[in-house]
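Given below, in the form of structure tokens, are the structures.
Shared between the two complexes below is subunit A, which pairs with subunit B and subunit C, respectively.
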Partner chain A sequence: MQAIRVEALTKTFRVRRKEKGMRGSIKAILRPQTEEIRAVHGVSFGVEEGEMLAFIGPNGAGKSTTIKMLTGILYPDGGRVEVLGIDPTKKRRQLAYQIGTVFGQKEQLWTHLTPYDNFRFFGAIYDIPDEEMEHRIGELAERFELHEFINTPVRNLSLGQRIRCEIVASLIHRPKVLFLDEPTIGLDPVVKEQIRNLIRQMNREYNTTIFLTSHDVGDIEKLCKRIIIVNDGQIVLDDSMEHLKYHYLHKKIVEVKMQEETALPQVAGITVLKQKGSHARLEVDTGAVEIGDALRQINVENMEDINISNVPLENIIMEIYRAKDRQQVKAAIAPVG
Partner chain B sequence: MNRYENSAVSNAGDIAKRRFLGQLRRGHGIPGRKYGVIYRSVLMENLQYVANMALGFFGYFVFIYIFIKLWEYMYRTPEELIAGYSKEQMIWYVMMTEMMWFGSNASAVGWQVKTDIRGGNIAYLMNKPYHYTLYILAKYTGEWSIRLPMYAGLAVVIGTVMVGAIPGFRLITVPAMALCIMFGLTINAVFKICIGLLSFWIEDATPFQWLYDKLILVVGTIFPIEIFPGALQPFFKLTPIYTVCYGPAKLIVDFQPAKCVEILAAQAVYLAAGCGLMFFVYRKGVKKLYVNGG
Partner chain C sequence: MLTAVKNQTRVCLLSLKYNIMREMVNKVTFLMNIIFMMLNNACILIQWFILFRLREEIGGYTMREIMMLWGLTAASFGLSHILFARVFSLPELIVSGKLDSYLVQPKNVLLGVLTSATAVSAIGDFLYGVALLLFCGLAVGGFLLALLLIVTGTVILTAFALLFGSLAFWFVRVEILGNQMVMGIVSFATYPDGIFQGISRFLLYFIIPVGMAVYHPVHILAEFDAGRLFTVLGYACLLSTAAVAVFYRGLRRYSSSSLMEARM
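Right after this comes the complex of A and B.
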């Protein structure tokens, strides 16, 4: 069953425009000018129950606007949205009982209260009976390892501790769908990994559908099986992570260390990215030249060390971000030949 | 359906019924319980700042001191009445309205709504299972619940020491007065929320807040309505001023049961109309929401 269904979703904002300087300010009073900004345009997709989806895009692509329409905060101008069979614009409060949201850049916790008091607060807001609430707080506190600081005011917690508490506050009512908007922003690698493990665990144990937006490729790569990339208000890629990684990764990075400095081959499909003394970094387009053939072009007998790796996912995503529509995306990432 | 299935259904029904009754006993499922929880949380939060709040006492004292001196100058003889008020009544009237003004910090409620809408924070408050406006109202009530009693205590001390007891004051009338003050502050907050909600349409609702605040301050807070020309008085009695500050303060300085009933009835009408307006404006405005950064 689909947890989220979106059809031809559209949202346009009208923003004020003002010419520069004092003259522009006066003109704006007398003759205000506005401009229409198409934030989301004809977006359609579905998310299965229990799926972990990465919904990403460059700044201003329309991803946060889409999340806000999915959670009933913004009203769409056109199209249809259904989250767990509920129309968010018509039954926002009913939907609120079934979904959770974590916005990494916004605090929902009361900073002067302790995490425990906050959890009690959220539990009461979601009409959870007292005994059940205690049970859930205990369970989540253990799972998220909060015992050390559960009675410390939130304002005194570290960012990592706070984000863990933010996630627990969003889970107290056991939501079926969890919207995570940059949940690991500003965290150190250890805490990031901890948060990712917890999200994965939650998805596995409660079958929670995860809708994630993040600029951190690690979050996307380690958590999600499917990726939707939006740009300029439109979906430019909707694919499985596996497909994206292994089908589109047609470029390999070859790093070699030669015994002595040698001239590198000038062959189609091999690009020298960097050469410094006996060290060289090459990009091999396996669509144009087989990796074996490419290696044969390098003097193997003179080779001291070699390392072959894929182009980082971050680079692929960057190329997709630069493309404006699906055709350009295909052209940017499809294998040559 | 066989015997066992029947019994299973009956058991499930009993369990659900028991669970429902249990929840009801503990307060779950009671409409408004969650707003009580919001109120309690603000109370817990604000209790940590009692000392900070007390810093405002100085401002209140200076303000009241000036008015005591002003009215002492205006009243030439102790028996003189101005607009039907004795000197003690007049000073206590100002002390009570100012107590409500300082003790409620009402400007914060309109400011919060405005900032939530313009700054986009409303987006993160809207997707919870409560009504945003009632959330703000509960939060605000939690804030004045601590401040107001502190200012009331200070007002009683200043008044008793510098002016003397309120003529004809009876302790038995305090609950009715407290009720009137509570309603007055709530009505004020509801109207300030309504003005704040205008931020859905306009860039800045501050000028409207300013106009409303000054109207309440001049007509009803600093001076009782009776000071103004007779022709204007019926008009003022139709505005929120009558229910927000004039009514409760008038009851404190000159309690009359009939007047109390009249003020409470007017407050009930204003509260119902104000809440209706607040829900209507919110419902219309929320569709206009534009949140920066998506």
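Right after this comes the complex of A and C.
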């Protein structure tokens, strides 16, 4: 069964526009000007049960707006949404029992209470009996190492500890689908890794479907097998991570250090990215020239050091962000020749 | 169905408990807030005592009826600010997009929002109001009736604030209007209704429902009148149904926000 089905989803925000100063204010009262922002525009996709999906895009692309429509926070202007076969606009509460949400930029916890009291509150919200709740809190606290601070008011916790508690709170009712909107924002690498492990465990043990937005390539690369890229409210790419990387593997980055400055080869398929003294960085398009042939072009006698690597995923994603539409994205990732 | 109601009640009570725990972080301030509110209310009543030294009756009220008026007003105002304090800042929540966390919970959104805060000084108002009603010399039946009328008063005040607050889904800056209206109820509700005549009387009974929230109840307590009681009950049902409908209609227009924020 598909965990999430979205068809031609659309959301437009109307915001009031006001010109500068007093005059602008008066004008705005007399003749209010509204501007339409197409946050999400005709988005369609499906997510299988147990899948881990990265839903990424530059700031303002419409990721959060999409998640809010999937979870029943926002009412779509058009299109259809089904999560676990439930329409969030019609059966919001029924759906809420089965999904979990984590918004890295928003807090759902009561800050003056301890994590323990907060979890008890969530237990009541999801109708979990007290004994069962004790059991689950114990288990989750054990697994996610919350014991140290489970009785410290949330406002006295570090950001990392707080986000861990937020995530645990969203798992207490064992959701079938977990929505995470930038869960690792502002966290240090150690906490990021903890959170990734936590998400991975959930997926492995309970087959939880994971819908993740993040600006952190590490989150995406380490967790997700599939990636959807949105820009300007539209999907520009929907592909498996493996496929995406494969397409880019035809490009290699070669970094060389020579004993002295030498002329670099002028051959089709080799682009000089950077040259500074005896250091040089080249991009080799293996679709146009064999890597062996490319290396032969470099004066081996003169070489002090060499490093060959794939194009980092970050660059791939950046290039896709820059492309304006699907056509350009295709062009950007298609092998040359 | 019954378990659903039970579970919802459990959440609301837990919410109330946590709200009070939040306010009790500083116990001295907590108690001061309550005691000062009671004293504050008591001071104003003294003015009426002095006035009634000069005259038997003002606007058709004797001192006993003034006490009932103040008792009902303070208790209803207090109870609505203990249980549903958030309704009075609803526009701000709507405009700044702070309803998200209630919308992802499998419980009633409206109750979740309304019960998410408690005004401490309102405990003082409530206790003061109930105490005044006890001192009015009502019989047991009369006192029980007074409790019922506190509930209807609370419902009317809350529903009225909800109705105006929900307009924030459509218009910005309505909170000013809404607050004026609610304050209007409270300030009118501290004067005998006999001093208002004609159009202002109509306004007070139907537009700003002070009449329904406290004047009718005072008359019912002074002299039982089933017709008035049913009017009040019917009005409370009607107003709250309308307010809830407007809130849910508006909720479809809710636009959340794209800013960072924390639960308060």
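In this text, the second predicted complex is superposed on the first by the 335 of 337 C-alpha atoms of A that agree within 3 Å, B and C clash if a C-alpha of one lies under 4 Å from a C-alpha of the other, contacts with A are read in each partner's own complex, and residues count from 1 in each chain.
Everything below uses one rule, namely that a contact is a pair of C-beta atoms (placed from the backbone, for glycine too) under 8 Å apart; a residue touches a chain by one contact, two chains touch by 3 or more.
Remember, it's a predicted structure, so these values are computed and weren't measured experimentally.
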Fit-or-clash call for subunit B and subunit C when the two complexes are aligned on subunit A: clash
Subunit B versus subunit C as contact partner of A:Lys106, first or second or both or neither: both
Which superposed partner A:Arg31 touches (first subunit B, second subunit C, both, neither): neither
Contacts of A:Asp130 with subunit B and subunit C, given as first, second, both or neither: first
Partner chain(s) touched by A:Thr71 [first = subunit B, second = subunit C, both, neither]: both
Which of subunit B and subunit C A:Phe121 touches, first, second, both or neither: both
Partner chain in contact with A:Gly62 - subunit B first, subunit C second, else both or neither: first
Which of subunit B and subunit C A:Ala96 touches, first, second, both or neither: both
Subunit B versus subunit C as contact partner of A:Lys20, first or second or both or neither: neither
Interface residues of subunit A shared between complexes with subunit B and subunit C: 13, 64, 68, 71-75, 92-93, 96-97, 99, 101, 103, 106, 108, 110, 112-113, 117, 121, 124-127
Residues of subunit C that touch subunit A when the two form their complex: 3, 7, 10-11, 14-15, 18, 21-22, 25, 99-101, 103-108, 172, 251-256, 258-263
Contact footprint of subunit A on subunit B as seen in their complex: 22-23, 26, 28-29, 33-34, 37-38, 41, 44-45, 48, 121, 123-124, 126-131, 286-287, 289-291, 293-294
Touching residues (chain side subunit A, partner subunit C) in the complex: 13, 16, 60, 64, 68, 71-75, 92-97, 99, 101, 103, 105-113, 117, 120-121, 124-127
Of all residues in subunit A, those that touch subunit B in their complex: 13-15, 39, 62-68, 71-75, 92-93, 96-97, 99, 101, 103, 106, 108, 110, 112-113, 117, 121, 124-130
